[in-house]
Amino acid sequence: GTTGAAAGNAAGGTIKVGGDLELSGGQAMFGQEAQNGIKMAFDQINAKGGVLGGKKLTLDVADNKSDPGEATIAATKLVGDNVVAVIGPMTSSLVAAATPVVTDSKVPLITPSGTNAKLTMAAGGKVQPYIFRPCFIDPFQGQVGAKFAFDTLHAKTAAVIIDQKSDYAKGLADTFIANFTAAGGKIVDQEKYASGDKDFTTILTRIKGTNPDLIWLPGYYNDDGLIVKQARDLGMKMPFAGGDGWDDPSLFKIGTPEALNDTYYVDHVANDSPDMVQFVKDYKEKYGHEPNAMSALSYDSANMIINAIQTANSGDPAKITAELDKLTGFKGVTGEITIDPKTHNPQKKAVIKENKNGKGIYLTSVSPS
Amino acid sequence: MLAIEDVHVYYGAIHALQGISFQVNQGEIVTLIGSNGAGKSTALKTISGLLRPKQGKIRFNGEDLKGLPAQKIVARGISQVPEGRRIFANMTVMENLDMGAYLRRDKPEIKKDLERVFAIFPRLRERKGQEAGTLSGGEQQMLAMGRALMSKPQLMLLDEPSMGLSPLLVKQIFDIIKEINAQGTTILLVEQNARMALSVATRAYVLETGKITLGGMARELAASEDVRKAYLGG
Amino acid sequence: MKVLNRKNLAILLAVLVAYGGIQAAIAARLVPPFYSVNLMLICVYVILATSLNLINGVTGQFSIGHAGFMAIGAYLSAIVSVKLHGPLGAAILAGAIVSAGVGFLVGLPTLRLKGDYLAITTLGVGQIVQVVFFNTNYVGGAAGFTVPRTVNWTWAFWLTVISIVIIHNFTNSTHGRACISVRENEIAAEAMGINSTKYKVMAFSLGSFFGGIAGGLYANYMYLIQPTTFSFLTSFNILVMVVLGGLGSMTGSIVGAVVMTVLSAYLSNFPEWRMVVTALLLIVMMLFRPSGLLGTKEFNLGFLGKKGESRAA
Amino acid sequence: MGHVLREGLQQVVNGLSMGSVYALIALGYTMVYGIVKLINFAHGDVMMIGAYVGWLATSRLHMSFVPALLLAMASCALLGVIIERIAYKPLRNATRVAALITAIGVSLFLEYGNMLVASAQVRSYPPVLPSVSYKVGGVYLQYGAIVIFGTTIILMILLTLTVQYTKIGKAMRAASFDKDAALMMGVNVNSTISATFAIGSALAAAAGVLYGAYYNTIDPLMGIIPGLKAFIAAVLGGIGIIPGAVVGGLVLGLTEAAVSALGASTWRDAVAFLILILVLILKPSGLFGKNVREKV
Amino acid sequence: MLLKLENLSKSFGGLKAVANLNIEIGQSELVGLIGPNGAGKTTVFNLLTGVYEASEGKMIFAGKDVGGLRPYQVTHRGIARTFQNIRLFGDLSVIDNVKIAFHQHDKYSALSAVLRLPSFFRGEEEMESKALALLEVFHLRGRAAEVAKNLPYGEQRRLEIARAMATEPRLLLLDEPAAGMNPQETRALMELIRWLRDNFQLTILLIEHDMSLVMGVCERIYVLDYGMIIASGTPEQIRIDPKVIEAYLGEEAI
């Protein structure tokens, strides 16, 4: 009786949205940034009087401990609490674990940053009816990255470093390799590490032996910073490139700005783009530090739900799902989002940034082909 | 020198010492005899501070030992050769002897005492570098005695020093006890081997299930019919 | 018949009531999904805790890598049910047998080790298992292995009951006593004619078998399994349940598993504080009851039987 | 050929640098174990706290490296003593597992308590160790790695001498074997054990600060993996044996480097554990451990 | 000959704890093994029971070589022992201590235990009655349900012997059974040892420093010093042997 209960919920003074988030465990950073972003969106709408004529939005969070089993449990708990929609998990594999639960209960789920292509697709090529996201997907990132490396950086050979524990990194690596070789480039080495490692000198030494023109490093910023720094310390001067996982202000503190010169990454949005300015300012004011892509995408996810509730004029999960399904031209801080009903992926531009003396500088933007 | 007054000790609910009183005078050898489980070891452990009496007083040279932690009691000049030896099995024989002199700082004197210990127990000199845990039972007993001697105590508490020793060594140990005593160390001796104990002691007490039932000159007790029947095997 | 004395009949009745009651409630849709997940988890953890107790508590072998055996059971059963399209029962059994086999192979050389050396070895085995699954693309590698949900309350409940009964019957027999004697004093046990290696390996294999059963249940209920689920933290969690309940007490392990699972479910409402509170509870628990909730005692239904018939083991 | 040789040498250097980090952490681990016979699972987390204190001192209080290091060591020494008093001391006579569970509790408490205080965010260390690398015959050598290696060796020697030959060291070993007997020798067992924890935790803090400075990043869960690796290193060398911890750490580092060098980096941890297990099967008390059989 | 030790030797590092030992013991004999502390007596027991492996030499028991066997295998061959430092299963009940020692004579498998087949109940019942009967013999029946470590010392020693008897041995090795006992208890123990030998056709080899016990019950005595036999014979012969007096008994021997 989810629907009935949810209606009852809507009749009260609040509407509950679930957060299936990585609040502890290995990816606790993501969940906490996401929670900040979502809360900010809710606080803003509640300050404006809420939705559906005065109902306040509340976030019902369940910690998935960065573990897929726990993500299932957290999702079960949330749908049991009669939330109208779920935001999170942030990481692809956990989204996959939560998917059956929300699907069974017919509650929509938006993953702010699960970029794995398969998340929104069910077996047999059909779309997962209840899974949505505000972010572009890994193949697109990999494709953009490969094209940039080959055409703009004129790299003919490349080595790839993959975080073996991350589905995301694997997806980005696969599409990069496919597109780079298709363009005529050559992959000279592939190395793996596990996120959380601190010492990468051994794999870097191996790559050094193959002397590639570029290193494709689709990991998260805390690993990326360390890897680049250690590579430079080993006398490796080639450019690095990677995906949106690079986007975080602390990248330059982890690796030195100097080491990070001549590195590039694909991203959702430039922090200095007009859409982001206000968000960055508000966020810094509220939480005392700069947001990263996780916070921004989560903020957008929350607003997508608010938007769906308002346009549907209802707190019924089925109606919210229907609205999300046909979302077009939604103005998020990370760009304009239009959901493709066949894939539930947004059509979004990607930007490429260059790290220069401690700042990610906007280079160019690429539209989906 | 040592005065025990109405001491009660419990292990949880077990009332192991039920108000015992006795005293040890300077220069004496006093022995406590009694059957298994009478509370002899408990009495010694209480004196050396390993157990806390629930009630009663323990005075040493006029000072109340109550509340003093065990290591402070050692510093006052009481040292114990515990039942079951309790040597430091992971340390060498030499290191065990060093531990005996832990609180002492008079290096030349320590050296002299070490020579004395080696003179009494030549086997220990042979095994200086051996790990104590691999010594035979008797060797361990020698080490325990030697270790206690190294602290140069005023009062030495001995808990069944003859247990597991060869007849020759038992005799030697008792000779050594007499000798140590003659050199000025007061001794409180607990023994299963009551015959030997009474033969070296000045005075003796009989402990029965936590109470002192008899006390007097060792010679007199040894002659007493009850004691002979109960503890001397004849 | 001795098997059907009053005490056993009472237990049987209680078990049937527990099963029937909950099954009826589930059928009537009275159990919110979050509760039913936790009921299943309780079953899984009860099996894990009682089987680890057989190794750690009863036989005294310090194993801290139980999650590794859970992983083997989980993955193998998933392979059988997803890739080979085998029936659920066969899948779970296959997982358990392979897990027991690995337990046997690992146990044979390593159980000579003592105390902390054995501990790190079992921890290592758990880690190795994890790495193997990480690197095996056939089972999805890091991304995980998607498994349809086929386990329901009936499966979970009865497998738990069967596991408990088998472990209990084993422990309370001359073979169980042999294991206990190894725990108490291995040298004396050998001198009494007990082949300590055989019983250590037997307990280890049996424990791994049931660890595998728990893994099979978990995999076929949770939709997705990933190597990280079976990390050493999971092993510690199981160990905590066993010690909390009272090392060596089977009923203690059951209580420990239930308490920890319920606690974890309850605390998920306070994510930031969850681990801190768990940590504090662990410390406080151990300070006040270092031998666990039940010590080595069994919670006993002896009062139902005739006097003397149910002397505690 | 020269190229392969150079790469091989570089990998040896890489392995030794990694290994000396493990060794440094393992020192405190093994020392506490040797005396208290407790697998102090919280050791890695004390290291983490040390790293945070060092970070606060350098980045917020703008202290220079050495004073910051000393401050971290002093505060962790105190923390170690407090942990021992509150969480371990009451359990001295309880079973070993009970103490192990408490250690796990302390470990979780430090991790998640700090997460509450300092957030899960990754912090970066200010550049207190000059980020210099030397090139010797085509092989790159990190300044930080040299510092860590040197520190490890010096601390190893100091610790060994302390435990083997000083009065406090002997008292520690005596108390470790038989507390009551040590008391009878006049050893203040409580303060001896406190001293053990103070030294062990100060070592952990030193490791934490160096670790943070060398690898640049710290976070509340940073202690878990190094703690585990240090545990392996300690056992590999023979737990409780101080030089063993260092050798164990270096062997572990070299093994990991070798596995990565052969292109199997994802099997690194598995191979490390496999080697540990093989060593233990052949030498059940580690490389340096004496195979003491209980005397019957 | 029931037991024959030929040229048995054991070294620890440089130390020869047992050196070229030759001992023969016949069926139903009651033999003493004495000698100064550290002479190697316990080591002989440890070699015999497979706790240590001999450096050299042979151990023939009932016509078969028992060298290289694991301790439990030695027990299966019919040799049981007690320990110099009591090694009971301290936290278990008295009767469980005995039942564990009956284990090797058990007739039901782990499978029938798990399935609670009739053979399980039969086996358990039999073991229970056998254990109780044995405890009766050792005057411990009243203590059956008590935890072993709570028994007084003397009773713990007795329980250790009872437990060894439960393995149904042909040869019983006793390591200082009277240690820590007072003269009365020692006398009772003496009776018990004799009675055991007579009732079970048992062969007994015992180590003891209490001469009243050794001289009182042993028919033959071997004296060991520095791992070697320095004398052997009847108690009367040993008592006056000058070498034994010098190395072991002391001048004013009993």
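In this document, chain identifiers A, B, C, D and E correspond to the written order of the chains, with residue numbering beginning at 1 in each.
In this section, a residue touches a chain if its C-beta (ideal position, glycine included) is under 8 Å from a C-beta of that chain, and two chains touch if they have at least 3 such contacts.
Quantities reported herein were computed from a predicted structural model and do not represent experimental measurements.
Between the contact lists of chain A and chain C, the overlap consists of D. With respect to chain C, maximal separation of chain centres occurs for B (centres as means of Cα atoms). Inter-chain spacing, taken between the CA centroids of chain A and chain B, is 75 Å. Annotation: 73 Å between the Cα-based centres of chain A and chain E.
Chain A and chain D have CA centres that are 36 Å apart.
The distance from the centre of chain B to the centre of chain C, with each centre set as the mean of the Cα atoms, comes to 51 Å. Of all residues in chain A, those that touch two or more other chains are 24, 26, 164.
Multi-chain contact residues of chain B, defined as those touching 2 or more other chains: 134.
Contacts with at least two other chains are made by residues 42, 51, 83-84, 87 of chain E.
Of all the residues in chain B, the ones that touch chain E in their complex are 35-37, 123, 134-139, 141-142, 160, 163-172, 192, 194, 230-234. If you check the complex, the residues on chain D that touch chain B are 167, 170-171, 173-174, 176-178, 180-189, 292, 295.
Chain C makes touch with chain A in their complex at residues 29, 32-35, 37-38, 41, 134-135, 141-144, 146, 149, 218, 222-226, 228-229, 265, 268, 271-272, 274-275.
Those residues of chain A that touch chain D in the complex are listed here as 24, 26, 28-29, 32, 164, 191-194, 196, 198-199, 201-203, 205-206, 208-209, 222, 225-226, 229, 233-235, 250, 253-256, 289. Within the complex, the chain D residues that touch chain A are 3, 7, 10-11, 14-15, 17-18, 21, 112, 115, 119-124, 127, 131, 133, 135, 140, 142, 211, 215-217, 219, 221, 225, 256-257, 260-261, 263, 265-266, 269.
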